[in-house]
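Pasting the structures in now, so scroll down.
Two complexes, one shared chain (subunit A), two partners (subunit B, subunit C).
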Partner chain A sequence: MATNIRLEGEAGGLALPLRRDAVGWQDRPILLRLISIALFAAIWEIAGLIPVSFAFPTFSDTLVAFFGLLADGSLPSAYLSTLQPLVVGVVLSAFLGVGIGTICGLSRTGEWLIVPVFIVLQSAPVAAFIPLVTFVYGIGMTAKVLAVMILALPVIVLNTYKAVRNVNGSLLSMCRSFLGTRWQSISKIILPDASPVIFAGLRLGVAAGFVGVVLAELLITPTGIGDVITFHRSRADYAEMYATIASIIALSTLTLVFLQWVEVRVFRPEKRGR
Partner chain B sequence: MGATALRNKPAPVSAPNDAIVEVRGICKTYGNVEALRGVDLDFPRGKLTSLLGPSGCGKTTLLKIIAGLIEADAGTVTIDGKPVKGPGPERAFVFQDFALMPWATVLRNVAFGLELRRRARAEREEIARRYIAQVGLAGFEDKYPHELSGGMRQRVGLARALSVDAEVLLLDEPFSAVDEQNRRKFQEDLIRLRTQENKTFIFVTHSIEEAVYISDRIVLLSPRPGRVSRIIEPEIDRSGDPDRIHRDKHYLDTVEEIWQGLKQYVE
Partner chain C sequence: MTMMFKRAVLAGAIAAVVGSVSAEAEAGDMRIAFGDLPGIESIQTLAAIERAKERGVNVELIVLNDEDLAAQAIVGGQADVGIGAPYTLIQKVGVPIRIFAQISTLRFFPVVNSEFYKDWKDLDGQEVAVQARGSGTEAVMVMMAEKHGIKLGNISYVPGSEVRRNALLQGTLKASIVDAANRRALEAEAPGKFIVLPVEDLGASDEAVFATVEYLENNAADVDMLVEELLKTGREITENPAAAVELRNKYKLLPDLGAEADKEIEEYYKETAEAGALALNGGGAEAAADDFAFFSLSGQLEGDPASLKVEDFWHLAALDRALAKLGKK
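Presenting the complex of A and B:
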């Protein structure tokens, strides 16, 4: 998730509109990231060769197992079933969470009524609720979507709420003095100004959603990715198990990178290429 | 002293028929701090009036009451006879901290007042480009605020206020966050701009030199509680070289005289 956001430097008194920094190795984030991944793979390979544990495969074995799982179709079909509750839960959490958080940030009543619930939810060990969810909603899709939402929603709501509450007051009175309506001040000032913190919450929420769906598949009914992990663990196919786990971590990371790309593209164009 | 018309009474002064902004009996208290007590003032049309005083004299509060951003506890403000109930299209505000949207380009920031009024994009951008050029920022339309210096950012704030074509411009210490060299250049530009735009300016400042340099009329406010202590009309010829003003005898005399008057309020 390395971002290359530098501190906003004043261009030193007089007008010096564009600064072209010297391009050094620090300024090539992609190269740096690739090196970091390669280093991690190398350490994994060595640790697997020692071996750390008989249940710890090498990086290369895991990679082979990954392509094996892809080829025999078990991984693609597992993702097909895992992604349904995940996508539904994350999308619902994102819209509901930003909506509820914005309302809480704008209205005192909303703040008093709703925020405490989410503060409790955020600090609670939510995984403990999952058996309860199963008890009420059974083992179907609804239960899994709920498991995703229980984990993803609180952090999205609370971040949005804090961001909206701490919006730049000077920009708000600017909007008011130029005759902006309440709705205009929300859509043109509050949401863009709050978007970095809202997106930080969304990233945490999406990551929590991945935790939720895997927990649901391990605890409620073994389906999708949870099933593949459980199955290969029971057969002591550790390379396959690790490959599955690594693949969902990779997917989660890619989703977060995509989210950041959307943020910079849509909401904060001034951070592009910085 | 001869060229400086002095009035020692805080009462509403002269030209009652051509005051665009009339302030009557404004009082404002924050908690147990009395910011303004019974302020009566007229702001003549087409003039630049400065509100000058030490910090705590309520000058920014008065400006924001005129802007409709703060409600007064008592008293009325009228613009062309119509009472102020909030912000209005005939007034535009320039903020001390610029209040630019960091995520928007110079062009969008300048056009923002018109965007809020739902004017078509092509139309508002054309107007914005004109004012960007007028404040000397042509070529910077697609830059973001963080790419500009403080002085340039405030030029964006000024262009935004000009582009909504308000009759009254309210400037809240616009140069206080701008470095000295840029401030002086900006003051010269403001004098030039005033000859092009036939607008009424109300200007809050704590700098005596700045007030005398640019104002037709200076309202001195005394602190705690804020009230009008004096009104001064420096008669300085601003038609020629702006640098000459700084050496003008009336300019220097007026600055000195105001300082003598304000000294008592500075601890």
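Presenting the complex of A and C:
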């Protein structure tokens, strides 16, 4: 947060120099985050103690269950199997998605042919037709990778397409006036200028991929995380069930935060602020 | 596919309905929550409900996507009577619900592709697919494997009998276990391709009715009527399986399935009646003992089956009254 304010201050002609010195508790993002997590845990604990439902465990029970699942190895091995379709699906979606999106952004034919398909896919209630995938691709790994891609691909394609289509016109004119070739305008102007939105699309795609893999494991065959969730649900071990669900949410969140960090550090030094 | 899709759509619609239903039931009202989309195997229950309606019980049907949800709706006061076998919930979570009559017992059919396997012995070390980890289908397979002195290889989990049926037809699965309807579909779609392996009588509850103790005690008259009608339809269909079709036509049950389902319903009930899978006496303590044994084996119940108490899971008063009135069969 502090870095953002500084940045805007610099961009706006150093209008906010005073803020830099005022480092109160509200300017410490880590502290704020910890407080918000503690607050969330406290509300959860209270809700579990009421309880809101017989199937709703307290936060502490869930935490105990989480460490239990870690200790007996069921969670690590579940993640090992869940991550396979997830990683394969997301990586394939990233390359395919950025490729297809760029083509759609650059060529009108591509746009008319391909973009509607992805708009339909993005707005469709995908959970309803994931079971269809099993009828075509069976119950194995292919079906799960496909489920991940069905969710991840549209958002990546559409973001890339929009980013490429909306590249700053004056930058393109500049490239032309310097006699840049078509390839140079793509590699030196269009892709760098579109990269923030493409990265945002990739992040959303990864988040969608998590949704896809969990849906696939709940709806196609219960393996990995889906298996742990359904199994503990069938055994009425709700603390274990919630622990698993919370762990996948946490993993997904951490992955997204990490991706954002990588994006800023590695690909967009101008956003680093220092 | 249509089944899955229908379920998804229904689940959504029902969530909306359940949400809007007021939690307070008036006397004579009975909200019955199905834990699954009613199919031909529900004719007996649906007919009993219609008859209870004729006798003045104002029944409202709620269809949910999962047995857990039915139990949840009962505990939450959004439904009065649930259908399923919620032993795990009663034991683990201590929800204040009790089973008050058994409707039918479990029937599963281990099916193997005849190109690869002929009998139980051939399954030694082979991969089989069952519904889910810790499910009844898994328990049946493991139990039968033990009985035949073999050890199954990898057990994979494929939820949905219809999904396993398709996988068997496609050849993705070579050995699995399906319910009665899908077993017959397999025989119809690929005659001779599959062999159904013999299974001894399981005796465990497939469907039973349950409610909170409070509801059972405060609405004894309504509950009695439902139990009596369940027993009567069960007996009627067991004596004459064709009665299932008559009941269906009389009460216009499962209209979506169309007239062509009549034949299937008749065959289903003929077979079910022969197997004695419809409860004639509503289960009771005997059924509870069988359930304890089976669900302990499948891992859904914990502890020594002999140490489990019937009264912790069952509320027998209504059933006793019904049996006193109708006699035991």
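Note that in this section the second predicted complex is superposed on the first by the 245 of 274 C-alpha atoms of A that agree within 3 Å, B and C clash if a C-alpha of one lies under 4 Å from a C-alpha of the other, contacts with A are read in each partner's own complex, and residues count from 1 in each chain.
The working rule: a residue touches a chain if its C-beta (ideal position, glycine included) is under 8 Å from a C-beta of that chain, and two chains touch if they have at least 3 such contacts.
None of the values given here were measured: they were computed from a predicted structure.
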{"item": "Which superposed partner A:Gly138 touches (first subunit B, second subunit C, both, neither)", "value": "second"}
{"item": "Contacts of A:Gly180 with subunit B and subunit C, given as first, second, both or neither", "value": "first"}
{"item": "Contacts of A:Ile189 with subunit B and subunit C, given as first, second, both or neither", "value": "first"}
{"item": "Which superposed partner A:Leu256 touches (first subunit B, second subunit C, both, neither)", "value": "neither"}
{"item": "Touching partner for A:Leu171 - first (subunit B), second (subunit C), both, neither", "value": "first"}
{"item": "Comparing the two partners subunit B and subunit C, which touches a greater set of residues in subunit A", "value": "B"}
{"item": "In the complex with subunit A, residue positions of subunit B that touch it", "value": "67-69, 86-89, 91-93, 95, 97, 99, 101-103, 112-113, 115-117, 140, 143-152, 160, 164, 179, 181-182"}
{"item": "Residues of subunit C that touch subunit A when the two form their complex", "value": "1, 4-5, 8-9, 68, 72, 75-76, 88-89, 91-95, 132-135, 156-159, 163, 166-167, 170, 172, 299-300"}
{"item": "Touch list for subunit A against partner subunit C, complex", "value": "53-55, 127-128, 131-132, 134-135, 138-140, 221-223, 227, 230-231, 233-238"}
{"item": "Residue ranges of subunit A in contact with subunit B within the complex", "value": "8, 10-18, 170-171, 173-181, 184, 188-189, 192-193, 195, 267-270"}
